[in-house]
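Think of it as A, B, C and D in the order they're written, each chain with its own count starting at 1.
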Amino acid sequence: MQFNSFTEVLAMGGYGAYVWSSVAIVFAVLLMLIVHSCTAKNRTLRLLRIEQERADKISQAKVANAQALFDKK
Amino acid sequence: MNSNLPQAQLSYWIAFKAIFVRELKLAWQKPSQIIQPMVFFLIVVTLFPLGISPAPKTLQMIGPGVIWIAALLAIMLVVDRLFRQDFQEGTIEAWLLSTVPMSLLVAAKLLAAWFISCSVLLLISPVLALLMNVESQVIPALMLSLLIGTPILLFVGAIGNALTVSLNQGGVLLSLLVLPLYIPVLIFATSLIEAASFNMDYSGQLAILVSMLLVSCFFAPVAIAAALKNTVN
Amino acid sequence: MLEVQGLTCFRQNRCLFAELNFVLSDHQICQIEGPNGAGKSTLLRAILGLFRPDEGKIFWAGESTTQQAELFLQQVLFLGHKFAINSDLTPWQNLEFWAVLNPTSNLDFESALAMVGLTGLEHIPCHSLSAGQHRRVALARLWLTNTKLWILDEPFTAIDKNGVDLLQQRFQQHLQNGGMVLITTHQDLSQNFEQLIKLKLGGNISGEM
Amino acid sequence: MWKWLHPYAKAETAYNLCYRLLPYFSWLAAITLIAGSIWGLLYAPADYQQGDSFRIIYFHVPTAIWSMGAYTSMAICGMVGIVWQIKNAELAVYAIAPVGAAFTFLALVTGAVWGKPMWGAWWVWDARLTSELILLFLYLGVIALYNSFEDKRTAARAASILAIVGVVNVPIIHYSVEWWNTLHQGASITKFDKPSISPDMLWPLLLNIAGFLFILAAITCLRLANQILINDARRPWVKALVEQSSTEATSLVKGK
C-alpha cells in the first residue's frame, strides 16, 4: 500500500483534489448511465401500454360510431 | 347559449402567460430548440483556435471577440425560425384577430424564445471562456455583456425575420437585413470586455448597452407586429 | 348585424370585386361562391381587417370595424384556409391555447374532440395526424366557442361525408341560437338551409367592373 | 456465410440474448473495474515525475480508448445494418451512441483535470484532447440526428449512415489535428506523451481497460434490448411483454 494513513490517501501527494474529483465524476456519470438504461425498460413498457390503451380507445370509438350510424338509419 | 353576452374581457396578462406557456410546451416537445444553438455556439468557438493558433497569448487576445461573434451567429440561427412555422400554419393570422394587441403577443414569444434558446448560451459561456484561455476576472464582464446583449440581438433579429417570413429564401436576406443592425451591439460589448480586461471601469459601455436594450425591448415588438400585419394580407 | 358597403378590392392591380354591398343579420347564413381566384378569401380577409380594401366600409352592429375593432373581433371566430393548429402541440394543447386567446365558457375539450371523431387522439402531437384529422382539430373549436359571427374559409376541404353532415348540423344549431355564418365553399348548402343567402363573385353579376 | 448469425437477426431472440449476456458482462465489469481502480489508486507506485496526479491515467486512458472503440463498433453495426439489412444492427447504433458520448465526455474531463497540475491550465489545445473534443461533436451529431426524426426506423438508418461517414473521418481528423499540433509546436506547449509505464503500473491499467469494455458491453446490451422493444412495438411478443408488465404493476398495487 503506497500510503500509510487515510489522510495521506486523501491528500494523494498534494493532488488529492484532482484525482478524487476525476474519479468522482467518472463514477457519477457511469452510475447515471446505468440507472438511465435500467429504468429505460419500464419507461418503454409504460409508454407502449399507454399506446395500446389509446389504440383500444380509438377502435371502441369507431365501433360506437358505426353502431350509432347503424341505429340512425 | 345567449350569444349577445359580452366576451369575458381578455386581460393582457392572461394572453401573455398563455403564449409564454405555449412556447415552453413547444420547447419541451422539441428540445432541439435548446440544444442546437448551444452546440453551434460551442463548435464555432472551437474552430477559431484550430484556424488561427492554439497559443494561449493569441487566444487570450481574440477570446472575447470570438465568443461574441459566435453568440451573434448562434442567435442568427435562433432568429431564423422564430415566426416561420407560425406563419405557415396560420397562427399569426389568428393572433392578429385576437382582441389583445399583437405587439404584446409578439413580446411574449420573444421573451420565451430568449429563455429557451439564449439563456443556455449564457450558461456555457464560462466554459468557452476557459477554452479561449480568457482571464478569470474578465468572465463576469463577458457574461454581463452577453446577458444584456443577447436580448437586443434577439429582438432586432426578430424584426428581420418578421419582414422576410413570407419569402421562402428568407435566411439569406435575413442576415443581410440584420447583421448591419448587430454591429453597434458587437462594438460596445467587446469594448466593455476589453475595458474589463484592463480592469478599467466599464460602466460607460454598460449604460449604452442597457439603453439599446430598453429601446429595442419597446420598439421591436411594435415593428414586428406591423411587419407581420403587412406580410399577412 | 354585419353590413358591407361599397367594398372594392384590387390585388396586383386586378379588380376582384367592386362596389360590393350586402347585409348579414342574425339567424342567417351567407355562402360566397365563385370560381377559384375570384377573391372569395380576399373578401373574408377584407371583412376581418387582415386585408386593407381599396374602398368601402364594414359595419358591425352599427359601428365601423376599423374604429371599433375590439368589439367586432370579440364576436368573431375565423377558421382560415390555414387553420392555425400547431403541428408540434397535441390537439388538447391547441384547444387549451385557443380557449385562452379567444375566451370561451365551454372548456369541455373531451366531448368537442369526440364530436369531430378524434377520441383517443387527444394527446398525440398533431403532426402524426392525417390532413383530415388535422383540420378536424380546428373545427372542434366550433363546439367550444360562443361567438356570434363565424367566418369560415372552405371548412369542408379534406372532410369526409359524415363530417360534412356533422358540421352542417352544428351550423343549424348556431343559427337557431341567433348566430351568423359567413362561409366560402363549393358544396351545395341550399337543401338544408332555408334562409341561405348566396353571393356570387367573379361571375357575371357584381364582379365585373 | 455467417450461418450462425442469422437466428439473432430475429428480434425476440436478440432481445433474449441481450438479457442473457447482461449478468456476465455486469459481473465481469464490476470485478475488473473495482480491482483495477483500487490497485491503480492505492497500490501502484507513484510516477517519479508527476507524483500521484498521474493516477488519473487509470480513468483517462481507458475512457479515451473506448470512446474511439465505441465509435468504431457503432460504425461497424451501422455497416452491418445497411449492407446486410440486419435490423438489430441498425438499432445498436443508437444503443452505443450515448454510451460512447459519455465515455468521450469523461475522457475530456479527466484529461482536462489531469492537465491542470501539469500545465497549470484547465484546458490546453493538445492534439489528443482536441481530437477527443471533435469526436464528442461527432457523437452529438449522431444523437441529434436520431432524435430529429419522427419515425424511429428512418432515424436508425440515418444515424448508421452518419456513423459510417464519421468513422471514415476519425483517422483524418486525428492526423490533421496531430499535424496542426506539431505545426504550432513553437506555441510553448510541452508534448503530452504517455509516461513510460513500468509493469506494476501497467496491470491495473489493463484491468481498468477491460473493466470499461465490459461496462460498455453491459450498457449497450441494456440499451439495445430497449431499442428492440421500441422498434417492434406492434409485434405480439412485445404486446405479451407489455401485458405481463402491466399485470405485475396492477398486482403490485393490489398487494400494497
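We adopt the following convention: a contact is a pair of C-beta atoms (placed from the backbone, for glycine too) under 8 Å apart; a residue touches a chain by one contact, two chains touch by 3 or more.
From a predicted model like this one, the values you see are computed outputs, not experimental measurements.
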Task: Third chains touching both chain B and chain A - done: C, D
- [ ] Give the fewest steps needed to get from chain A to chain D, where each step moves from one chain to a chain it touches.
- [x] 1
Open item on the list: Let me check something: if the centre of a chain is the mean of its CA atoms, which chain is farthest from chain C?
Closed with: D
TODO: Report which of B-D and B-C is connected by more C-beta pairs in contact.
DONE: B-C
Task: Chain closest to the middle [Cα centroid of all protein chains] - done: B
- [ ] For chain B and chain C, let me know how many angstrom lie between their CA-based centres, rounded off.
- [x] 36
Task: chain A-chain C separation of Cα centroids, rounded to whole Å - done: 47
Open item on the list: Between chain C and chain D, what distance separates the C-alpha centroids? Give it in angstrom.
Closed with: 56
TODO: Using the touch rule from the top, collect the residues of chain A that touch chain D in their complex.
DONE: 1-3, 9, 12-16, 18-19, 21-23, 25-26, 29-30, 33-34, 37-38, 40-42, 44-45, 48-49, 51-52
Task: Sites on chain A touched by chain C in the complex - done: 54-55, 57-58, 61, 65, 69
TODO: Sort out for me which residues of chain B touch chain D in the complex.
DONE: 31-32, 35-36, 39, 42-43, 46, 49-50, 53-56, 59, 130-131, 133
- [ ] Give every residue of chain C touching chain A within the complex, in rising order.
- [x] 114, 117, 119-121, 123-124, 162
Task: Residues of chain B defined as touching chain C within the complex - done: 1-8, 10, 14-15, 18, 22, 25-26, 29-30, 85-86, 88-91, 93-100, 229, 232-233
